[in-house]
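These notes open a run of structures that come right after.
Consider the two complexes below, in which chain A is the common component and chain B and chain C are the respective partners.
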Partner chain A sequence: MSTSTVSPPTQRRAPVVRRLDTTQLVYVALLAVIVVGTVLTAMSGRSFFSSGNIASVLTLTSTLGFVAIGQTLVILVGSLDLSVPYVISLASIVGGGVMNGEESMIVPGVLAALGVCAVVGLANGLVVTGLGVHGFIATLGMGLIISGYLASNYQGNYGSAPRSFQLVGITLFGPVPLSTLIMLGCAGVGVLMLNRTRLGHHIYAVGGGREVSRMSGVRTHTPVVAAHVLCSVLAGMAGLLLLSRTSVGSPTIGNQGGYDLMSIAAVVLGGTLLAGGRGSIVGTIGGVAIFAVIDNVMSVMEINSFLQDVVRGLVIVIAVAVYARRAIPRRATRFPDRATAVTIGDTP
Partner chain B sequence: MSGIGTADAPATRRDALPEHHGSITRRFLGGLVTPGGAVFVLALVLFAAVVASNPAFGEPDRMVRFLARSAPIAIIAMGQYFVIVAGEFDLSMGAVIATQVVMAGNLIGQDDSRILPVLVAMLAVGVLVGLLNGMATTLLGVPSFIVTLGMMLALSGLVFYLTGGAATGNPTDNFRSIGRSGVEDVPVIDLLPYPLVILVVLAVFAVWLMRRPYGRTLIATGDNPSSAAVSGATVWWVKTRAFILSSMSSTVAGIILVGQAGVHPSVGQGYEFIAITAVVLGGVVLGGGRGWVLSAAAGAIALDLLFTLLNFREVPSTWRDTVQGVIIIAAVALSGRAWRSGNKLPRMLRRPEADPEPPIPPAVPPPATGSQSAGTP
Partner chain C sequence: MLAPATPDNAPGPSGNPGGGPLLRARGITKSFLGNVVLQDADIDLVPGQVHGLVGENGAGKSTLMKVLAGVYQPDAGSIEIDGEPQHFGHPLQAQHAGVATVFQEFNLLPDRTIAQNIYLGREPRKGPLVDTGRMRRDTAELLTGLGVEGLDPDAPVRTLSVAEQQIVEIAKAISFSARIISMDEPTAALADHEVALLYSIIERLTARGVAILYVSHRLKEIFDLCDTITVLKDGQMVTSRPAGELDESTLVRLMVGRTISAFFPDKDPDTTPGEVALELSGAGNGYVDGVDLAVRGGEIVGLAGLQGSGRTELLEGIFGVRPFSRGEVRIAGRPATLRSPRGAVRAGLALVTEDRKATGLALNQSIATNALGVVRAVFPRRTSAARQALPGLLSSLEVIARSMDQEVQFLSGGNQQKIVLARWLGTNPQVVLLDEPTRGIDVGAKRGIYELMRALAAQGVAVLMVSSELPEVIGMSDRIVVMRDGRVAAELPAGASEVQVLEAATGAGSGEQSDDQNDDQGGESG
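Here is the complex of A and B:
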């Protein structure tokens, strides 16, 4: 109390946890989940850190990871994407159909699938920007449109992935699956894009305040459309990954995973503001990892799959409640000395 | 207005702004071009199309039975309206319906004397779910999308776990008759189904509630929570009550669905998105602050008419999703345009600009038709 140095009271009284920003807090939470998971796994007589188990955790992160990276971009720009499960199914159908078991058709298959997804994303983006429809409705409608198309034209599995394409889903480097590395690569590109390019800065700007950005001379339509296209393409990559794992295209595979709501939950769990403008891909990856660890521990403990849903639901709400009132990282702070003053008042 | 702050010239009644501009007809037509009014026109057009493809549908008893069948969706659409107009989402509706259906099926059994206590317990569960949703959203500051998503996962997981995912329990016929039968020997329509009675009672209640101070505060809160708080509204309690209303509406829909669909944990699946679609189709703005509660119910009925039309036209059921998707995107695109351009009449109906001042309207009581209320919220 009798210190002679004068520092702002907010800085001195804040406990350590308060001073962490959300991204750091996500990783603290991830660490806590891993510790608890290790203990629970050990109680079941297994080791959490066995290379087989680590590989299965990382495998769990890859599919949801792709979708969640894309969802982060869309949420950052102030929209939502509920069409991802259908885009995933569409990609697996188109990819499987074009490849049809031929080694030589892998590249055309991948390009065709991602191309179709990009078109869907473009349509989403144009409906949101051009027609002024809320992203929730635009993508819900687009999802329904694709769902009707898939249900009418594909009754069962369709097409197949050739042997070498199936390797993408099962190759391991030590305990690390190739698919996770590709996912992390996409995340890295996404982080660079958000922090280093004009498009990235515009995504934050438009998500933070569309009208203000417009009046500041930003073309507000471009980042929204770009985010939707990227999100659909990333969902398409998740679909191709599922194709390589299951080796056949399936019209319902995206729906079974519940990727729409779970990816949004992962993004929010990763500390991104649902209203847009604030958040990071790094946090999202942390959120995805938390889900993967929890899922893995629950399946090791052989918990009933319906009860797993209950646990997931509780974890989502409690985790988000813990840091709902905390500062959310923005882009690199430009005025460091005023940073605390700015962020402390920010509640979502 | 000139008298504010001075003692000698108090504001008189005549200084106040007139309550309405224009005649009843003009306001009625003005209401119809707003998204909230247009949905009634859409429902009528769809109805005409259904009757054109199947004339038998136009008979009163068929119509009444149709309305009774779509009552659960219309009821949850009104419930979802309260939450959406407050600027939030409720994704837990389907799971609440499943919970209530399974509760009724397993707790009532074949014992008539248990109907009342279980009914009370179901309503209590409904209130509790809404309270939890609302308090987690408002007091903990978790986005409602996440809170109700978590509630949906938790509740449906629990219900599926307890039932093993299969149909279990069969409540007594007296309880099921709430959804199945009705008041008999009514002239013209022969049978007045209870679901329709419940729907009408709830609709009247909802309209009454939205005209009460609570309804006005709810819309103000949805429009701008900060300014509502500064003006003295208890924002957390206003929003929490909206969540309670929403899960109560799911409870009522569940009670009806026990009779209409039976007891299965998957009853109600996907209803939350149907309700949101219906509300949005009714011209209610996502994000809050705009829309009329009966437009939400009309949106639900329009949606159901659309499905009926697709059925009669023998469109394969797999294409229903696609048509629904196109319709909701188109409807929201059009209504967004209408809200942005303001609540204005088409140019030909507007009074000429040269008209000096609007005549003071006669002292008409506010009509309870779609015209006035669709325009004012």
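Here is the complex of A and C:
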């Protein structure tokens, strides 16, 4: 044995990006965006942390938040929902129509709207599982059907929200809107469902490997249908929130927001794998918040809307590229050496 | 490292008083498309004993295992557990009857934790919620019961090594209270110290009265572990006896000896080895190490070895799929650095991969598109010439299809393989690497591919062929290079016997030779 004990080779620490898990990374990114946003806002002579500005950022998160939570479930289970904008419009029409300005009809209006959305989600789920149509196509078709129905039956606004229902959309607790709290409540229930119920476990399992799940005795259709139903109901809640803010039901309010692609983008930005099986609602909320902050800062700076889209696009692409580089090699090597042991971002 | 097994928690298999077999299978027969792959096989699995199942590739080992696992339904024969007749229509039924199987490809979800994988589909509940605490504790207990320490039940499976994933599979099997566990080549992907851990786990399982069916090519392990050994050959049972009555060389002799050598076309007498076309010295990547190898133009070199010995990875190293990080490669005498398949193609190489459906063909595209794929991508200027030559090439390969516009997914395996070859021959390669070129194709098509290999050699092309079929390696090769554990274990001349190849591949009988490279094995065989 040699006497000169060499100190153990100083382990090169992996870059920060590699040590954090994806969800933590999302929040680091959110923090960075807030810091940059604060500086830029200050340069425009405003304060990012003014109570009014915080409220407006949070308001931006709530509608997209509802949709993105639902989209997370659907993506985790290995499907996709492109019908959400039309479901949002449908909920606003049904809710507005049933309430029709009457205080007493608020509860029936909410139930009717969410019930109709649940039926749409059920149809989506059954088409995906029963007929074996990929979610992309099944929900695209469903979206077109709803859109056609709305366009041919409702020209312009329809119905209206009574006074006290409108309060839901505008009430603030300090700088925090009530709608954001409701959205975060839904997120909390969603997190609990994913982590602590069989349904949640099976959503992950089926999205991660349908055959493996089937061979383990999981009923593989149930989580897919449930995820679609929940996604549509959450989109319905977004629709009701928009009804409350605008006070009238609108057949086009959903597509104006571009909620289909924005919700998918938020989910992916939140670190959820588009192929399913990995991700979290917590990450999605982070993704939604990043978009909200960016949008807020850009509107404060009065950047033109086309350039805003360019920025959003860049954010999505860069984020996903960062996640992709973190992919872990699947097979251990027999003769590891520095040259080949380095993580390669390929997914065989 | 690990304490010896303590049989304190032996459940005492019920309904098995006389120490007789726990599982009794009789007359198991299975054929696919009229091709009998398993005929009249009998097997008895006894509690607390390890039953070894050996045989060459295609001998029917996997088929027998899959029948016991409920993956395949046998055409004839019966399975009894504790004297009760069983019918397994689905793997879950076998599992509920107490038969668990650890396949080579694991049935695990990489993004879920160890605990979540083990209890998938039967998560314990407290009220409406999953009792994650209990799931975690039970998992920790299962792992401790196997003598495994340092595995966190909350670790995602994707962060585990192959050996650790295997442990998770075994723990899952035990959690079903499996009384019979079959393992398919469990050590194929393990390092030596991991093999020791597997041994200790098997010891603990047998101490608890579990019956184990152990399928392996590695004879040392068979003799280390097994109480009884069953040999299969060409789907037939050769023998089933206590391990004590057999030794390695007898076992090898019982496994080999298929008589179909007349099947291989003779070498063209005019074919003479030319210049060295491909030369490796000290080549290594993550999977192979220190490989010296030379293939001359006009020569067919067979690359033999067990699964996981690094044969495919060697070809992938040469072809730039997993580029070498050490050593030198020379092509036609000139040093070459191949960092990508594209570079390899440009240097005159071709690689026919093992899995034609995944990496050989675009299944839903036409024959013509597939056959021109490589030329079009790498040598676009030669495309129209290749297109004109295509009908001739396809007919010389005797491809049977309705038209060149037919999608390749509708062709038979043999015809698909010919399209793969056409795809590569269009580039006029000087070195052809073939990985299991006759896997999953019928006898007639095999013959066609052998003839093509001879024709290539006659044209002066260097051919390097990986094959798991010993008769094929011996029948076709001018030289045989045998790999073991990522290194070249032996180089044998044409006409070597199956016994010689198998001994070099398994390390059997290596006690007699001075083994310079593998001095790290704890040589306690037999």
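We adopt the following convention: the second predicted complex is superposed on the first by the 313 of 348 C-alpha atoms of A that agree within 3 Å, B and C clash if a C-alpha of one lies under 4 Å from a C-alpha of the other, contacts with A are read in each partner's own complex, and residues count from 1 in each chain.
Methods note: contacts are C-beta pairs under 8 Å (C-beta built on N, C-alpha and C of every residue); 3 or more make two chains touch, one makes a residue touch a chain.
This structure is a prediction, so every number in the text was calculated from the model and none was measured.
Engineer: For A:V320, is the partner it touches chain B (first), chain C (second), both, or none of the two (neither)?
Structural biologist: first
Engineer: Quick check for you: in the superposed arrangement, does A:L140 touch first (chain B), second (chain C), both or neither?
Structural biologist: first
Engineer: Determine, for the superposed model, which of the two partners chain B and chain C contacts more residues of chain A.
Structural biologist: Per-residue touch count on chain A favours B.
Engineer: Using the superposition on A, tell me which residues of chain A are in contact with chain B and, in the other complex, with chain C.
Structural biologist: Common to the two interfaces on chain A: nothing.
Engineer: Can you name the residues of chain A that touch chain C in the complex?
Structural biologist: It comes out as residues 192, 195-198, 200-202, 204-205, 208-209, 212-213, 215-218, 273, 277-278, 328, 330-337, 339-341.
Engineer: Which residues, counting only chain C, touch chain A once they are in their complex?
Structural biologist: Against chain A, chain C makes touches at 91-92, 107-112, 116, 120-123, 125, 128-130, 132, 158-159, 161-162, 189, 191, 284-289, 310, 322, 325-326, 485-486.
Engineer: Please name which positions on chain A make contact with chain B in the complex.
Structural biologist: 127, 131-134, 136-138, 140-145, 147-149, 151-152, 261, 264-265, 268, 274-275, 304, 306-314, 316-317, 320-321, 324-325, 347-348
Engineer: List the residues on chain B that touch chain A in their complex, please.
Structural biologist: Touching chain A: residues 91, 136, 140-143, 145-147, 149-158, 160-161, 165, 273, 276-277, 280, 286-287, 316, 318-329, 332-333, 336-337, 340 of chain B.
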